[in-house]
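Below: a set of structures, written as structure tokens.
Across the two complexes that follow, subunit A remains constant while its partner is subunit B and subsequently subunit C.
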Partner chain A sequence: MKDNKNTPIWLKASAAYVSSLMSALFIFIALCAVDGLMKSGPSLFCSVWDPERGNFGILPMIWASGLLSLSSLITGWTFSVGCCCFIHGFGPRWAARFLANILRIMTAVPTVVYGFASVFLLVPLIRNGLGGSGFSWLTASIVLSLLIMPTMVLSMDSAFKTIEAQTSITSAALGFTREQNIAMVVLPASKQWIWSSALLGFGRAAGDTLIPTMLAGNAVQYANTPLDAMRTLTAHIGLVLSSDVGGTAYLSLFVAGGILLFVSISANILFRLMRKKIWMQG
Partner chain B sequence: MALCAEIKNLSVSFHGRKAVSQVSAELPAEGISVLLGRSGSGKTTFLRALNRLNETFQGYEGSGKVCLSLGGKMKDIYSADQLTPTDLRRKVGMVFQIPNPLPMSIRRNIMLPLQLIPGFNRSKAEDRMETALKTTGLWEEVKDRLDTPANRFSGGQQQRLCLARTLALEPEILLLDEPTASLDKKSSELIEDYLISLKNRYSMVMVSHNIRQALKLGSFFIFLREGKIVTAISKKELPEGKEAEKIMSDLL
Partner chain C sequence: MKKIIVSMALTIMLITASAGLAAPIDAFKGQKGTLDISGGTAHIPVMKEAAKRIMSFNPDIRITVAGGGSGVGVKQVGEGLVTIGNTGRALKKEEISKYGLVSFAFAIDGVAVVVNPANRINALTSQQVIDIYAGKIKDWKEVGGESGTINVFGREDGSGTREVFTEKAIKKGELAPSVNVVSSNGAMKTAVAQDKRAIGYVGIGYIDKSIKAPTFDGTVPSQENAANGKYKVTRNLYMNTKGQPEGLTKLFIDYIFSPEGVEITKDSGYIPLPAGK
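For the complex of A and B:
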């Protein structure tokens, strides 16, 4: 960035404020995580969470976070690509507009509403229909995939819109139908945007706390079937913090937080690199 | 005189605003017919009525009759039982003002439209691609780079690619919407030469606002103003040389 003498002082001040706050956060988490690692050591990477006996295992939570975010991402992303194709030519115009508006409204719905509605509607459905307690990997994954869809669809949609605007007349003049243009021209040309929106969705899915806390059951175990309960890293941090803990258990949470931060930053950097590549090519 | 197009009472409007109103004309099958007029005179809309491209835009409303000579017969292209718009657009090819390769390789730009024709086989498509690229003088320049993205090439090369892509579909009529307007002088002349060499094989309708180009290429001229035809003259009725240019610019 170039140094501009005309930059107002308040702008410089807020920039400095935000960046120092962010770096303080990173340093704080890193220091505490190192402290946690030193104190709890190898017991962190076992499967038992029993702070009173000195077992601070967070492996089941890491497993749960990975499983839940990836499964939600796969369903959410697939449906997002489908929604985008539907909006841009495979659906009738009124239905396309309706769907686009619903997705836009969905971005404004607070997460807690999804959780709350699911506890009363989806959980009993799964409990009665498939068995188990209803608070499970499956339940959380369904709702989480819905939650991350609008972000992904809107990001793909902007790419679709640009490319469709550039190509629709051309391909019509070459005898393509609108559907063929989407499938053969727009979809391949927006490939990188579609992948990068998956990273965006992954970041949201891995970081969400409320949905897994409310719907995944929170049992510290390795969930092996979709009907098993699980506890994600985010839910774990939230739950342990809301009870009264101190000492090593408290510090071990920073290791969990550090892992989350690392994963979401990596996804973010990857996302930015892909965008940059797209700009360079464009 | 054999005709390639017969237009009767054509009116086209977008969102209620008239672009072309009550236009009737007969275009000869021989040579290049040129549509002339200032910006906003309706020439592009007139041209796009011939391959039903207007109706892909929002707010389109149209009336009137357009018959084109296809497969040796005059066909009413707007009547439902004759041709689907996609079939029509393959037979009535179009080249646009700004080179518009699709975001893919040269090869795919030409092959994809062919592959979408039901029952078209691939080896035949390869042949057609080669022939079309040779016709527009591009083959020698790109034969080793067929899988390079089309947008890496120069504007003139891209425009010749677009022409080749249209020719590969083996159209019967070519529509050209100011095909040289966005090119430099040298590339324009190259395109003009190819168009001249093609004019015995295809009926062509071209939009232009360049009188010199119109006189060089065209044999029949239609002048439009505010969506209506002002006059139509053939080249034979015009005097030679500078005088013709003066008459034409007075009509514009």
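For the complex of A and C:
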């Protein structure tokens, strides 16, 4: 922002274009969500979704979205940190290279492929092995954590690479092995990136529509066990979108969208604050 | 060289022969343009086959066929996103007045309750189905099957198949919150075909070896029984246009009602309806 005069006009124009589009979208969703809340607020915050009888509860969907995204994030993030350490010295070199390549390829696999393959492979496995219909919280969570891993690993990986390059010689001089350097030096030093990769993962997990629609069963209930079916906000929007325009059911979708937007914005702000804190400590 | 000449001669013969017969598809000769179709998933086999035949007859015409469900069909044709919006139910008064839509019923389709072929149940009563979907009957044992939890599958809000099922099969009965939801006839078939303990419902045209339709209140859910009125859980399949159809759209709709279109409808497992019904 220092060299404002030298910025090409087309750069400024595209920046203005994108930011105005994004803010228009935010304002539109916010307005519609507030409209929905004003018109039918109380009827939305109950537990029964049965539009034919005038029940428009979206609480089970909010619950499901929270559960699914957090559970996928926790497993996905833990495995991501593990994968990243494995790539940087804990695994044999050939295996590390293999894993890194697999993860890179995974970013290019379309979500629908994961969903489709899981319907035929994972769902029967869960149904026959653990019970239930196979379309469940557990199924969706396993696939979703797999789906968000590559993004998280790759962003941690770039931080690891930079910091390892800076520290490896010094640590080696102090008698550290590569593993010790990763565990004692690189890992603490890249804390900030490890946290912000969790934010990336959370955004994807909360916003993904296809995996929960295809694998979570979409039953409007509170999932109590990992084998219960659940319907997330995103899947709910996708499924109800095809019904009539107007009316409470339709408005409830904007409220659902508003809640999703609110959650991802607050998560963003929260993580930014955390990052700042860590930055200042470091 | 000889081969080329022979094949050319054959092509010419074919063209003249088809022209001589004046097949319904000839109406598309010299036409150009695109036609977008979306909506009910039960319609897709008919629409796709018709589109395929028209496009191979005249490559200047492009026809796209998408699903989405009846609700999407109404919305998209009303907003002008597609030229033909399919529904598996009659249009509602508000939909007609809001968008000025015109409907063409071209086929009858039955909706049948289906289970996995490995399930030994061969007959269900409407009361049993009502109780299963309301969550009162939870185990296959209670309806005479092998013991095991029933995995209940239904369709999304706005699905024409769901509307017929709720209205005519379970008589507007309650739906338990634990009913799993899938969003197309195809996805329903996949879900039930894989799961020994599943129950669901599909358009009769979708029934094949991978799923089994038990008799419903003693009647076999077949297209014959749907046509002669013995099987009651039926609906009409509609094509809808905004205002009276013109040009390519009109030609397409006429084609669906032509003898060739009727053949396609039959082959897809539906009972054709004459035009103007």
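A few notes on this one:
Here is the rule we use: the second predicted complex is superposed on the first by the 248 of 282 C-alpha atoms of A that agree within 3 Å, B and C clash if a C-alpha of one lies under 4 Å from a C-alpha of the other, contacts with A are read in each partner's own complex, and residues count from 1 in each chain.
As a convention for this text, a residue touches a chain if its C-beta (ideal position, glycine included) is under 8 Å from a C-beta of that chain, and two chains touch if they have at least 3 such contacts.
Computed from a predicted model, the values in this text were never measured in an experiment.
In the superposition on chain A, contact of A:Ala189 is made with subunit B only, not with subunit C.
Looking at the superposition, the partner that touches the larger set of subunit A residues, subunit B or subunit C, turns out to be C. In the superposition on chain A, contact of A:Cys84 is made with neither subunit B nor subunit C. Of the two partner chains placed around the shared chain by superposition, neither subunit B nor subunit C is touched by A:Ala100.
When both complexes are overlaid on chain A, the residue A:Thr167 reaches subunit B alone and has no touch with subunit C.
Residue contacts after overlaying the shared chain place A:Gln180 against subunit B, while subunit C stays out of touching range. On subunit A, the patch touched by subunit B and the patch touched by subunit C do not overlap at any residue. Against subunit B, the residues of subunit A that register as touching in their complex are 163, 166-177, 180, 184-185, 188-189.
By the touch rule above, subunit B contacts subunit A in their complex via residues 51, 53, 56, 86-87, 89-90, 93-94, 96, 100, 102-104, 112-113, 116-117, 165-166, 169.
Residue ranges on subunit A touching subunit C, taken from their complex, read 48-52, 60, 119-120, 123-124, 127, 131-135, 213, 217-221, 229, 231, 238-245, 249. Across the interface of their complex, subunit A is touched by residues 68-72, 75, 92, 95, 149, 151, 153, 156-159, 166, 172, 175, 177-183, 190-191, 194-195, 197-198 of subunit C.
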